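Sharing a structure here in structure tokens format.
A, B and C are the chain letters, set down in written order, and residue numbers restart from 1 in every chain.
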Amino acid sequence: MRAYWELGKSSFRRHSTYRTAAVAGAFTNSVFGLIRASLLLSAITTAGGAIGGYSAMEAATYVWLGQALLAPLGLFGNAELAGRVKSGDIAVDLSRSVNLTASYWAQDLGRAAFDVLPRGLPPLIVGALVTGLAMPGTPGPYLLGFVSILAAVSLNFLGFFAINLLSFWVLEIRGFWMLYMVLMNLLSGFLVPVTWFPGWLLDFARATPFPSMLQTPVDILAGRTDGVESLAMVGVQLLWLAVLLVVVQVMVRFGSRRLVVQGG
Amino acid sequence: MPIIDVENLSREFQVMEPAGRFRRRRKTVHAVRGIDFTVEQGEAVGYIGANGAGKSTTIKMLTGVLVPSSGRVSVCGFNPVPQRKALARKIGVVFGQRSQLWWDLPLQDSYPILGAMHRMPEADWRPRFRELADQMDLGEFLTTPVRQLSLGQRMRGEVAAALLHRPELVILDEPTIGLDMISKEKLRQFLDAERRDNGTTLLLTTHDMSDIQRLCQRVLVVDDGAIAYDGQLTGLAEVAGAVRTMVVDLATPMHSGVLFSLPDGAVHEGIEANGIRHSVSFDPRRLSAATVLAAISSTAEVADLSLHEPDIEHLVRQLYGRARG
Amino acid sequence: MASPRATSSLTSRRATSSRAGDPHAPVTNFVLLKLLVSARLRSQLAYRGSFFSDVAGQVLLGLTEFVELYAIVHNVSTFGGMTLAQTLLVFGLASVAFALGDLLLGETDSMSETIRSGKLEVLLVRPLPVLLQLATSDFQLRRVGRLIFALAALAAALLLTDVHWDPAKIALAIITPLAGAAIFCALFLGAGAMQFWILDGRQFANAFTYGGRYVASMPGAALFFPIQIFFTFVIPATLVAYAPSLVILELDGPAGIPAWTGWLGLPAAVVLSGLMLLLWRAAIKKYTGAGG
């Protein structure tokens, strides 16, 4: 356990050295927040006050929380593992005494921990100044929100990890990567809340783990759902977590066997 | 007119270094400080030095990638940075670690493109390409995509690419790094012949001393941004105060070297093989090998001996030590 | 997947023989450009299976960008004063322009990689402008997938909207995607140049390149007023599609983007391209240390 804690800590430190990148990311997320908030507010005004259960203030809060959590939740992914599979360095990783998935997971949690403040806070401040934020006044949503964020970071990690693992079987994962990004961007509610979707698309989105990766923590943090509802949503997240964990473990098992058979 | 003419050339960089937990301080690093040298047409010069000694900074200033902070540099009669594109037609550059070939294409597909870049009509580059492919045995892998070539094959391809336009000067940055013995030898033979037959000037940086021994009559040793030595390879040994080593195998084991009563200037270095093999280093300017052997033979019976010439890498290291001293 | 080795050696024979003709002919700029581009295309076709899945991915990317717009518009009768068909015209024009710009200079976005890996030095010691080498070496053919979808969206928009065409509008409709492509090329160029100063600042540039694409494909009237001004008169993103669409559809623009700005696309493209080329030259000078 201690090894994973150290891995997480070293990842936190490593990311803390990329300060310009963090500032740049916060800037860009704030600009996109301004554009997205504009668009959603304009549509809500035209619709006469609310769309898909979101009032103007709630939609603005949704946008800014989404922009703030974008980086910490890890919605951009990281292709390090695929590179190591391609170069053959993965053999070294597999021969270590730590579990492959758990060691990358710990490092991703370390990254997320660093990203929260420098990349998350600026969009929230811009949002509070420009449109205002509607945040809950009770501690419940924050506590559950924290759990939900942890689950979402893990889900995003496992999703990208599975795509990375495909490089055990295919030469070039870029096509799969893009497909995943495109679906995730749309269905996680990152662009527009999923409840704004036409019915058929909403049903489709809810059958995937993607809303659990962004919309769920945002909605819980914003206090849009009551305690019971929030607990149920976290339950759904944990369910998907279990599913993805099994998928990833199976892939690691067969992938490393393949590596042994082919001799790298 | 010399092909490379460098006068009082300096380059400094501003870097930020951490000062305390969050602040950083601006610091000036002098990568190259006031070096002078000239290289004549047809020379082969080894440019050697430790990592960070200023080798690559100099190469960048010679090729027009970097402007000097002060001093003058002229390559093939051009001022490198302002006349970079004109200079590019006269020189060939091989960066050991970075490819200039088209990665996903068969090796042979890179040459028509490079020929066109240098504005060579087909009647001009095609025969030259055949000549290079022939001399460097590219034939068997010309149709293989570059990314699938072994390092040795790729490097031969890179050198051919750098020489396609018949440059007057070829600058090679670590051309043999990571190559196997056969590839190294093939490359050296080729470069040597190219210089002999076409009068091409060679400037190479390397960590491999046998490259220098094989190719260069002259070495420039750069240390901490300054030229520490400029001259013939054989002279380097004298400047650095090289030591030779005599290794003797004794008829009966001895477990200490104290009894040898060695003359001044000779040092007992060690014992191997349970007291049978002893090594003694000595300064060849003060002692002859015969004197040392005589001193050893007076105390023990010598069954076999061998002499080891100074290792140039060791010499260079000694030279750095002195320049820093 | 086809073996990359077999495919590329096959195509290479074709390419070298296509240059046949007078072997003493001087190498013109056109010949050189053709060689560079065809080398790039053959490189990408070397992994044929991966290439087609990439193209499909790009089509899908365009599709989700549209679904995103649709997810907003289907909830309201008009969005930023435009019907669904009218927003589709904006989306289509913007997508065609972005796809073209991205196809030509999209990879300058990763300039910091080119600098870090030392690839830039290889480009610098060749007797060709670095920009030309970058544009040809990074020509990503898979991005035609995006262009195909964009053209389809534009065609659908033209069928669905009721436009009273006159010669001026026809001219504007032809100029607009090209001027828009030039604007995105200039933005990508600026993004690449900026990374010479801020090596870790790739994401800064994304605010203007991808942010610009996002703004360009939406009805400008739906933006906050200061954002309208910024993305019209500083970063001319609304001039790519929305402002010309106002002219074509005979609509009034919002306060920050009056309808007459619909004619500003081309001049903005010329000015911005000029400025960004100057910035690029300064960036190369900065790298070689000739600047500050």
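Convention: a contact is a pair of C-beta atoms (placed from the backbone, for glycine too) under 8 Å apart; a residue touches a chain by one contact, two chains touch by 3 or more.
Here the structure is a predicted model, which is why all the values come from computation and not from measurement.
**Q** Would you kindly say which chain has the C-alpha centre located farthest from the C-alpha centre of subunit A?
**A** The most remote chain is B.
**Q** Please indicate the chain closest to the centre of the assembly, with centres calculated from CA atoms only.
**A** That would be chain C.
**Q** Find the geometric centre of each of subunit A and subunit B from their Cα atoms only, then give the gap between the two centres in Å, rounded to an integer.
**A** Roughly 50 Å, centre to centre.
**Q** Measure off the straight-line distance from the CA centroid of subunit A to the CA centroid of subunit C, and report it in whole Å.
**A** 28
**Q** Roughly how far is subunit B from subunit C, centre to centre by C-alpha average, rounded to an integer in Å?
**A** Centre separation, subunit B to subunit C: 45 Å.
**Q** Please list all residues of subunit C that touch 2 or more other chains.
**A** In subunit C, the residues touching two or more other chains are 47.
**Q** Quick check on the complex: what are the subunit A residues that touch subunit C?
**A** Those in contact with subunit C are residues 18-21, 23-25, 27-28, 31-32, 34-35, 37-40, 42-43, 46-47, 51-52, 130, 170-172, 174-176, 178-179, 182-183, 185-186, 191-192, 196-198, 201.
**Q** Quick check on the complex: what are the subunit B residues that touch subunit C?
**A** Subunit B residues touching subunit C: 11, 60, 63-67, 69, 81, 84-86, 88-89, 91, 93, 95, 97-100, 102-106, 108-109, 112-113, 115-123, 126, 143-145, 148.
**Q** Which of the residues in subunit C come into contact with subunit A in the complex?
**A** Against subunit A, subunit C makes touches at 1, 47, 50, 53-54, 56-58, 60-61, 64, 67-68, 70-80, 198-204, 206-207, 211, 214-215, 218, 221-224, 227.
**Q** Within their complex, state which residues of subunit C touch subunit B.
**A** Going by the criterion above, the answer is residues 4-5, 8-9, 12, 15-16, 19, 23-27, 31-32, 35-36, 39, 42-44, 46-47, 117-119, 121-122, 124-128, 288-290.
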